[in-house]
Amino acid sequence: MRLSVRHVTRYVFEAPVKRLIQSHRLWPSEHGGQRILSWQVDTGAANAGAGFRDGAGDWTQTVSMKGPVTEFAITVSGVVETEDLSGVLRGYREQVPASAYLTSTRATAPTVELRTLAADALDGLDGASTLDRAHALARAVRDAIAYAGGRTEPATTAAEALEGGQGVCQDQTHVLIALAHIADIPARYVTGYLFATEDSVGAEASHAWAELFVGGLGWVGFDAANGCCPDARYIRLGSGFDASDGAPIRGVVEGAATETLEVSVAVTQGGQQQVQQ
Amino acid sequence: MTRQEQTFFNEMLTGSDVRAAYESLQRWQADMPSELRTLKQHEAEELFRRVGITFAVYGEGGDPERLIPFDMFPRVFTADEWRKLDRGIRQRAAALNAFIADVYDRREIIKAGRIPEHLVTRNEAFEKAVVGMRPPRNVWSHIVGIDLVRTGRDQFYVLEDNCRTPSGVSYMLQNREIMMRMFPQLFHENRIAPVDGYASALKRTLASVAPQKCDGEPNVVILTPGQFNSAYYEHSFLADLMGVDLVEGQDLFVEGDFVWMKTTEGPRKVDVIYRRIDDAFLDPLCFRPDSMLGVPGLMNVYRSGGVAICSAPGAGVADDKAVYTFVPEMVRFYLGEAPILENVPTWQCAKADDCKYVQENLSELVVKEVHGSGGYGMLVGPKADKAQIEAFRAKIAERPENYIAQPTLALSTVPTFVDEGVAPRHVDLRPYCLVGEKIELVPGGLTRVALKEGSLVVNSSQGGGVKDTWVLAE
Amino acid sequence: MLSRTASHLYWMARYIERAETTARLMQVGARNALMPDIGGGYRNDWEAILQASGTLEVFRDKYGETRQRNLETFLFFDQDNPASVMSCMAQARENARVVRTGLTSQTWDAMNSSFQDLKRMHRTERSKLSLQDLAEWTSNACALIRGSIASTQLRNDGYHFMGLGFTLERADNTARLLDVKYYVLLPSLTYIGSGLDQTQWVTLLRSMSAHRAFHWTYKGEITASRIAHFLILNSQFPRSLLTAVQGTCEHLDHLARGYRQTSRAQSAARALYGELAEAQVEDIFDEGLHEFLARFMRQNAGIAGIVQDTYLIGEPA
C-alpha cells in the first residue's frame, strides 16, 4: 500500500523564548514492511545538527533555534510503500539486544493489579508459544482499557491507566509493555502513523503501539487499541522503553513560556510521489 | 585485644619488630612530643580549611563544610609491593574498558557464555542510548578507581571497581602537599615517589580522547553539578590544577554539530567533557527529562562525534557489585592473562544457593546493595545487633537480586594517631588509574582509615578519615 | 573566560565593596548619634542610614525600635539583612568559592580567612566588640582582599571583571552615602551651613577615610559645595564618583582591547565620565543634589546592565 503522510507540529509561545532545542526521531527506517519513497522534515529557519542512527535503528537529529522564538513548526511529509507482514519486523537493522527491553520505567512499572491481569490473561497458556501468549496479553489489554480520549494524561502510568480502565493508545501500549515484562517477554514502545479506516481508533495524531520480542520471529507489533497486529496501514517511525523515551520529538525551551501546541496528521492512500528535490 | 583482632595484618609491625619501610616513621612518631602533635594536627586542619577542602555528608545535616579527618601517620608501600599492585590495577582497568566496549558492540563475552546476558542488559547502568557507539580510542572509563584491601603480606583483594567518576583524588594530592609542608624532613629521610604528576596525566588522558572532529588543541572542561555538590571542592581543585574551565550545565549549550560554552567573548566550542554528574542527568532530551544539571542535546552531539564525554555514558555497566564477580573472567577473556589482583569471594543473593548460605550466615558476612555506594545500605554482620540482622534478612528475602554478600575481611591496620597515642586502625586503598591513549597510574592513592577502634567501615560518610599514602622509590 | 566565572568575580568584588560601605554607614550613624539631639536627629539619623542601605523595612519588622545595639547587630552580623557586613562577606566568599580556580591562593586565603574571622567574631560576646573595632576590622579585611587582588592576580579579563565590580559598586555606594546625608537628613536647603550640618559633613568625610585628605585638598572651610566637589568631581579622591567612573572606563577599555571588540558599555561609561569631567558643582546644585545623584545612580546601573548583557550572560549576540 502506498501511504502519504503530512504531519505538522506547531508551537506558539505566549512570550518569546530565548532558545529552543529539540531532538527529533522523525525519519522512518526501512524494513521488510516499509520502503521509503520520499521523506522530508522541514524545520524552517532552525539550525540542524549532525544526525546519527542510534542502536535501536532510529535516525536522530538535533535542531535548535536562537531566540526570540515565538513560533516554531515542524512539517513532516513523505510517501512510504508498505506491506502487510502480520506485524513482524523483518529485515530491520538494529543493535540493541532484545533483553534490554525487559527494563521497566516509571510508566511501565509492574504492580499487583498488573500482575493479576497478566496471570489471568495467561491462565491455561503455560505450554503455549510466546506468540500465543503475546496475543493473549494484547487481548487482555484491549478488554481492560477502553479507548477514550481525555481521561488520561501524558504522564499517566500503566498502573494508573489500568485503575481508570480507560485511556488512549499510549496508555494501552504502556499496559501491554508492563504485562509483557511480567511475562518475561521483552517489549517496547513504538511510534508511527496509521492510515485510518472507519473502525480504527487512535489515529487522529501520531499513533503508538507495542512490539514484543518473540523468539524465532523477532519483534512483533501489537496494536492493542485496534486489537490487531500492524499491517500495511502502519508506518513505523521509532521506538523506546516508553512514550517519553520513544517520543519522536523531545525538546526544551529556555525561558519559562506558556506554549500552545497544534498537531495535525494526515495519512492518505496512494498520493503522488511529492518529491521536491 | 581480643583474639580475633590479633589476626589482623599490621602493616608496620611483624610481632614487635618494625618493618624497614616504617622505621623512620616509627622514630618520628616516638620522638614527637604530644604538644607538638596536637599543634601539628591543628595546623593540618587549618591548612585543609584554608584551601577549602571540605566534604558534605549526604543527609546528615550539620556543618556542610565539615572536614574529612586527616591522620598524619602515613601509610607506606615498598617498591616491591607497589610493583605488583601497579600491574594488577592497570590490567584490571584495561579489562574493564574492554568489557564495556564489548557489551555495547558485539557482546562477545555474552555470546561466549562467560557472563550471563541479564547481568549486562538488565543492569540499571546499561544505556540503550549508546549501543553501537564507539567513543574515541574506544575508551569508556577514563578514570578507574579500584578499591583494594589488604589482609596479609601479599594478600590484596579488590573490593570494588569505580568506572564512572571515582572521587577522592584531591585528597590524595592535598594529603601529600600538607605532609610535605608540615614534615619536610620525612621526605628527606625517605625516598617517596611523587604523586603530583596526576593532574597533567589526567589532562593528557582527557585530551587524548578528543573526538576526531576536533582540530587543534582540544578544549577540555570539567562538568560539575555545582557548588552544592559534596565533591565540588574536588571539581574546582582539579580544574585549577589542569588549567581547564569548571562548567555547570547552564554554561553549555548545543548548537549545530557541537557543544559550546558561554564565555565573555561569546560561544567557544567544547571538545572533551570530564563530567562529574550521573548519566541520568546528562541530557534531558535523552535521559531524565526533568534534569536541570545537564545540557539538552548533549547526547546527540556525543553520538555524532562532536564531543567526548568522560567517563562515557553507560560505563557504569562494568562496576556494579554483581558484574564485579566476573572481572577476573574479563581479564582472562579479553587479555588472555591470569588476573593479578583477586576478587573477594562473593555470594550473589540472586542465586538461590548463595542466598540460602547468606541468610544462614548473616552474622558473619558483610552484605551490600548491588548498586549501593558510600557504605550506605550495608550490613557488617559481626558488628550488627540482632535487630539490624533481622531487618536485613527481611530486605534480602524481598529483593534477593539486590544484594551480594562477602566474608568479613580482616582488613590490615596501619598505625594511626588516636587520643591515647598511636594505635592500629583498619585501612583500604583507592588508586586512580587513567586510561586514554595510554594507561597511566601515579604511585599512590587515597588511603581511607576507619578511625573508630575496631571499625571496618572506612567511608568518609561513616566517620572514616584519610592518610597520605607513600610508595617508596626503588 | 567562562561568563559565569566572570559573573562570580564581578559579584565577589561588588559584595566586598558593599560590605565596606555598610561598615562606613555604621560609623556615620554611630558618630552622628553622639551629636546633640537636634531636630529629632538621633532616630532619624539611623533610619536614614537604614534607608540608604535599603533595609529599613527589614529592620523594623525584626526589631521595631532603633536601638544602637540592635542597629549594630543588624548592620554587622544579621544574616537576615542582605546588606549586613556578614551577609555581604558571606556572599562574596560564596562567589569566590565557586570560582576558586580564578583566584590566586593569596586572594582566596584573604577572602576565606576574613570570613572565618568574621564567624569567630560572631561567636564572641557582643559587649567585647566595639563598633569602632567592627568597622575597622571590615576596612582592614577588605583592604587585605583588595591588596591580594592587586598584587597577585593576573591582569587578565578576570581581574578587570573584579575591577568593574569594585568601581560600579563604589560609584553607587558613594552616591548613596552622599544622598543619605543630603536628602534624608537635610530635606530643606535652609539647614545647609548650620553648625549641625558641619559636624555631620565631617562625619561623612571621616567615614570615607577622607577627612584629612579633604583638608589637604581644600584649604579653608568645609562648605557644602566643596564637599560635593570632593566626593563627586575630584579626580584625586579614590572614592569620588569621577574616580569610580574613570575606573569603570579603564576596566572596560582593557576588556575591549583584550577581546578586540568594543562594547556599548564603553561608550555609556565614557559618556558618563565626560559629563562628570565637565561638570561644575554649581550645575549639580542647580539640578538639585538629590536629583543629580538619583540620575547618576540610574546611569551607573545602566552601565552595569550593559556589562551584564555583554559579558556575563554569555549568549551569542
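Letters A, B and C mark the chains as written, and numbering starts fresh at 1 in each.
One rule holds in what follows: a residue touches a chain if its C-beta (ideal position, glycine included) is under 8 Å from a C-beta of that chain, and two chains touch if they have at least 3 such contacts.
Composition by chain, UniProt nomenclature: A = Transglutaminase-like enzyme, putative cysteine protease.
Predicted, not measured: the structure shown is a model, and the values here were computed from it.
Engineer: What is the chain whose Cα centre is as far as it gets from that of chain A?
Structural biologist: Looking at centroid distances, C is the chain farthest away.
Engineer: Out of every possible chain pairing, which has the most C-beta contacts?
Structural biologist: A-B
Engineer: Suppose each chain is reduced to the average of its Cα coordinates; what separation in Å results between chain A and chain C?
Structural biologist: Measuring from centre to centre gives 60 Å for this pair.
Engineer: Would you kindly tell me how far, in whole Å, the mean C-alpha position of chain C lies from that of chain B?
Structural biologist: Chain centres of chain B and chain C, defined by C-alpha means, are spaced 47 Å apart.
Engineer: Can you work out the whole-Å distance between the CA centroids of chain A and chain B?
Structural biologist: That pair's centroid distance is 41 Å.
Engineer: For chain A, what residues touch not just one other chain but two or more?
Structural biologist: Expected reply: 66.
Engineer: Multi-chain contacts only, two chains or more: what residues does chain C have there?
Structural biologist: Where chain C meets two or more other chains at a single residue, that happens at 315-316.
Engineer: When you check chain B against every other chain, which residues touch at least two of them?
Structural biologist: Correct list: 255.
Engineer: Where on chain B does chain C make contact in their complex?
Structural biologist: Residues in contact with chain C: 49-52, 227, 233, 236-237, 239-240, 245-248, 250-251, 255, 261-267.
Engineer: Can you list the residues on chain A that touch chain B in the complex?
Structural biologist: Where chain A meets chain B, its residues are 19, 21-23, 47-56, 60-62, 64, 66, 95-97, 99-100, 102-103, 241, 244, 250-252.
Engineer: Please output the residues of chain C touching chain B within their complex, sorted ascending.
Structural biologist: On the chain C side, the touching residues are 1-6, 94, 97-98, 100-101, 105, 108-109, 112-113, 116, 157, 161, 255, 259, 261, 311-317.
Engineer: Would you tell me which residues of chain B are touching chain A in their complex?
Structural biologist: 104-105, 107, 117-118, 121-122, 126, 128-133, 253-258, 284-286, 289, 296-297, 299-301, 303-306
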